[in-house]
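Sharing a structure below in structure tokens format, with a few things to ask.
A, B, C and D are the chain letters, set down in written order, and residue numbers restart from 1 in every chain.
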Amino acid sequence: MRVAFLGLGSMGRAIAAKLLRADHNVVVWNRSAGPIEALCSAGATVAPSPTGLFDGDAVISMLSDDVAVRAVVMQEGFLPREGARAVHVNMATVSPGLTRELKAIHDTCGVSYVSAPVFGRAEIAAAGRLHILAAGPASAIDKVQPLFDAMGQRTWRLGEDPAQASIVKIAGNFIVSCAIEAISEAVALVRGNGVIASDFVEILTGTIFDTPIFRTYGRLVAAQDFVPAGFRLALGLKDVRLMLSAGDASAVPLPFASVLRDVFLEAVAAGDAELDWSAVSRVAARRAGLHSDVLDKKTVVSS
Amino acid sequence: MRVAFLGLGSMGRAIAAKLLRADHNVVVWNRSAGPIEALCSAGATVAPSPTGLFDGDAVISMLSDDVAVRAVVMQEGFLPREGARAVHVNMATVSPGLTRELKAIHDTCGVSYVSAPVFGRAEIAAAGRLHILAAGPASAIDKVQPLFDAMGQRTWRLGEDPAQASIVKIAGNFIVSCAIEAISEAVALVRGNGVIASDFVEILTGTIFDTPIFRTYGRLVAAQDFVPAGFRLALGLKDVRLMLSAGDASAVPLPFASVLRDVFLEAVAAGDAELDWSAVSRVAARRAGLHSDVLDKKTVVSS
Amino acid sequence: MRVAFLGLGSMGRAIAAKLLRADHNVVVWNRSAGPIEALCSAGATVAPSPTGLFDGDAVISMLSDDVAVRAVVMQEGFLPREGARAVHVNMATVSPGLTRELKAIHDTCGVSYVSAPVFGRAEIAAAGRLHILAAGPASAIDKVQPLFDAMGQRTWRLGEDPAQASIVKIAGNFIVSCAIEAISEAVALVRGNGVIASDFVEILTGTIFDTPIFRTYGRLVAAQDFVPAGFRLALGLKDVRLMLSAGDASAVPLPFASVLRDVFLEAVAAGDAELDWSAVSRVAARRAGLHSDVLDKKTVVSS
Amino acid sequence: MRVAFLGLGSMGRAIAAKLLRADHNVVVWNRSAGPIEALCSAGATVAPSPTGLFDGDAVISMLSDDVAVRAVVMQEGFLPREGARAVHVNMATVSPGLTRELKAIHDTCGVSYVSAPVFGRAEIAAAGRLHILAAGPASAIDKVQPLFDAMGQRTWRLGEDPAQASIVKIAGNFIVSCAIEAISEAVALVRGNGVIASDFVEILTGTIFDTPIFRTYGRLVAAQDFVPAGFRLALGLKDVRLMLSAGDASAVPLPFASVLRDVFLEAVAAGDAELDWSAVSRVAARRAGLHSDVLDKKTVVSS
């Protein structure tokens, strides 16, 4: 298929590379030139601007946030005036509100709009193991399904309303944030009572929480291993904001999300925005007067 | 080994039965007579009172809370005055504060005290698959290890200080409560935006949260299946109180635990104390004005 | 002085009337025609549109929120291209972010911009007893001081940066919201323990909280007297959002504001958006399982 | 009247001195000897122990907390076995739960029990300006009214149930704590946006919060003037605990009290337990990354 691809951050690069490897014809555009070269040597061609890309089968955008998506999509010339065969697949995590706006604008232009955020980080994308949450016109999703098959292990079809894919993505990310905060508070409590953090995490993940998310974040929190960031704390705060704003728009109180907001802001105020988002655990430790730079040796044994 | 066993709630019964099946010699005592009969027909003998039980190899207590433990252990005649060969293994989830008190009293009497709370519900105990968190004198734990082997899949040895086993157990339960609340808020948000709860849970547990705890509680929350209670909401509140009181005693702020406290109290005020603790999800739904009695049909498909 | 006045809600009407009574020359504009007539019979003239108003001494705008202000100010023709003698005095409570944007735009056009939100409700404005929080160029504030003198009891000059007046106004409103929530929780507690709400409020305001805000809101909460709204709950939520967004922009965690957000959203979900904002007290009562429609007879006596 | 007085902390001393000045006959007892001497030179006599004090008209106790009250009242010999003419007036702020226990024990012994906590700090007591919240048998309150008249400006009679006086006192203190936290968050926000703290407080207390509590705590927070403590932060935490425990016992969720708990614990973890309780404002400042040791010069002017 002929695909135009916008947004070559770590996720976008990995996905575009999978499409090329699956022999799709990929035209790329990105605000900075760096990421483009590697993809060109893998067979991509370059678009000079993000306008006029709708003459292939699909336009895929993987931009960083509401502001970036709005800037690109709403600029003159991005959407064709007379409709297009190409489906626009937006894979960014954006607000349900913006998703609704985008759907309306695409409807006006006669372009099919599919919201398709994903679960999985860059290394998962590189392995073609993403979970894709797709919502939009069934025929449009059918059409781009070969692209989804090239990049993900599974596509979850959530119906015709693109906003619902955004909501599910945001709510899923929220639960991950909650897991990190829960681990952080629990670790602060056990450390404040003389238990070694890594012992506690080993017990947790060896018993009731034997699962990748708890293994990953438990280890990062216990080892205080926040650099390089797998997912930046500043982006974690962005996702908390999306959750709160979705709750606000639909009158759903979210007390855990409210706590997360204040914890993430405190981490940003402490200068940790560029660390891995598991660094929010430093907030719970600092509040309890624990010196977060002390690492202790593991002592637990099990039989 | 010769074992005296106190506290025949659902957990105590299951554990005592495993000990009998492993050919240990078990004397039981319980406040109500009912549970005793079944164990007697399985080979247990009956103690007329909880006093004078320390002439065997171990006394195991599995009572419901601080108040019950305090009432039994501190009564005249429970602890021998002249020391004893028998180790006291307390498997209840009690506060670190009470644990420290109990250790001091046992030290005075010359009795070894082991704190050994467990991860696992009654059906896990019946299968001999508990995880046991043991802390106390190493020689005492060595001595009762055959009993732990009969009832659990693994024993985690947490050192000499019995309070540390209590802390780890309380912190682990806290993370489970957080998972339930996180699911509840996420479900309220997606429902408030038109997504079917069971679809959302299916996606979550099919992707990033493919783990027993999220499968179990996700299903209960989506299906609003709160009777019979696997674990009563009132006991969940008890555990939240233990978490907060441990945080208070060690000056560790716990904002998620504070949110949980208010959510559990609201559930109790609404009359849901005897439901399964996943019924706290009704709080998030009600706050959002969602009718929690409406169940929707699943619609998501994946490929 | 010659003044153009935009925004004739209850506050705008009261202020414009005071200016007329002080013999200022007032041109009014409003989206709906209703409020205009009364002011015309008091001597105002009518502008056909909000463009081209900068040929007098001042333009005063008292619009409802960021969206309304943005819509009027940023439309073609509102701001003169070649600068103007008239000062723009924005009396609305808007976000510091929008205030900074507006200042920049006015600077570009060569128009002096003064931010001047007020403390006081419509009846206070009608009495000319407002407190005015003014920030902007000193010479511009000097120029419009006669207008402030006509409408308020006191002008507080907060320096050159208009955003600081917005911040102080937002932070002040936040403290009022906190007082309402504190009263609401306290009343729920005492009612849950058999104390009559109005007795409690009488004691509070007869002892340590003998102050108008506690008298006003204590009475409304105890009497559950929410109609007509002195200040609509929906506007209270707007102010909480302004507080949170100001905190977000400057990395200041605000846990009380986060609680307020969830309480106000719950009130909106319950259908109370158009009641007086003291109706958030119904949230605390409902969470505690108290029937908020039961009013009790006062019983306390003092000597 | 003949009065026995127990508990000579700063409040107790001031009240006992007022009783002596009003020519009552006062016997004092205290755990430490220091405060006794000054009162003896003012005419008091000394009791050798807190037992056997019920042969006069009243026994007044002003002890620090639940633990101290329990220790004194429940010791052998404090309450007479055969009833007594003397009324026991407990002026300490204790939990409603303990109050109910105490009432039951006094009933058994045939002694009248009046709960009479007060609003007012030591300097208010010294001026005889306390507000007294009295609940208990009407005849018993009638009897001790001359004592209340000697120490307070007003007695608020709350009916026959002593627990209700405790509840009202606890709920009142809670609102004061909320005011301090609200000021603290507002000050953090305005400081984070370049507004001088003392300017903000001057505006607040010159406009909508012109009241002693806001003047006092606004000044302390802005000036960071926490030594000596007018009321110790550790005691503030004690009161927050009483509020939460009263809410727990009656199933009343209290989200503001939950926030206060975590803020006070964080202050204690930071080593501020012995400062004035307005030092909890350092928590909001630190979370926002503000250096709380920088004091700024006032700049606001008003006209």
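Note that a residue touches a chain if its C-beta (ideal position, glycine included) is under 8 Å from a C-beta of that chain, and two chains touch if they have at least 3 such contacts.
Bear in mind the structure is a predicted one, so any value in this text is a computation, not a measurement.
Among the remaining chains, those touching chain C and also chain D are A, B. Chains that count as touching both chain A and chain C, per the definition above, are B, D.
Chain centres were defined as the mean of their Cα atoms; on that basis the chain farthest from chain D turns out to be A.
Here the spacing of chain A and chain D, counted between their Cα centres, is 51 Å. Chain B and chain D have Cα centroids separated by 39 Å. Centroid to centroid, with C-alpha atoms defining each point, chain A and chain B lie 36 Å apart. Across the assembly, chain C contributes residues 247, 251-255, 259, 262-263, 265-266, 269, 287-289 that each touch 2 or more other chains. By the touch rule above, chain A contacts chain C in their complex via residues 241, 244, 247-248, 251-255, 258-259, 261-263, 265-266, 268-269. Note for the complex: chain C touches chain B at residues 255, 262, 265-266, 269-271, 287-289.
For chain D in complex with chain C, the residues that touch the partner chain are 96, 119, 131, 133, 145, 154-159, 161, 163-164, 167-168, 170-172, 174-176, 178-179, 181-183, 185-190, 192-195, 199-200, 203-204, 206-214, 243, 246-247, 250-257, 259, 262-263, 284, 287-289, 299-303.
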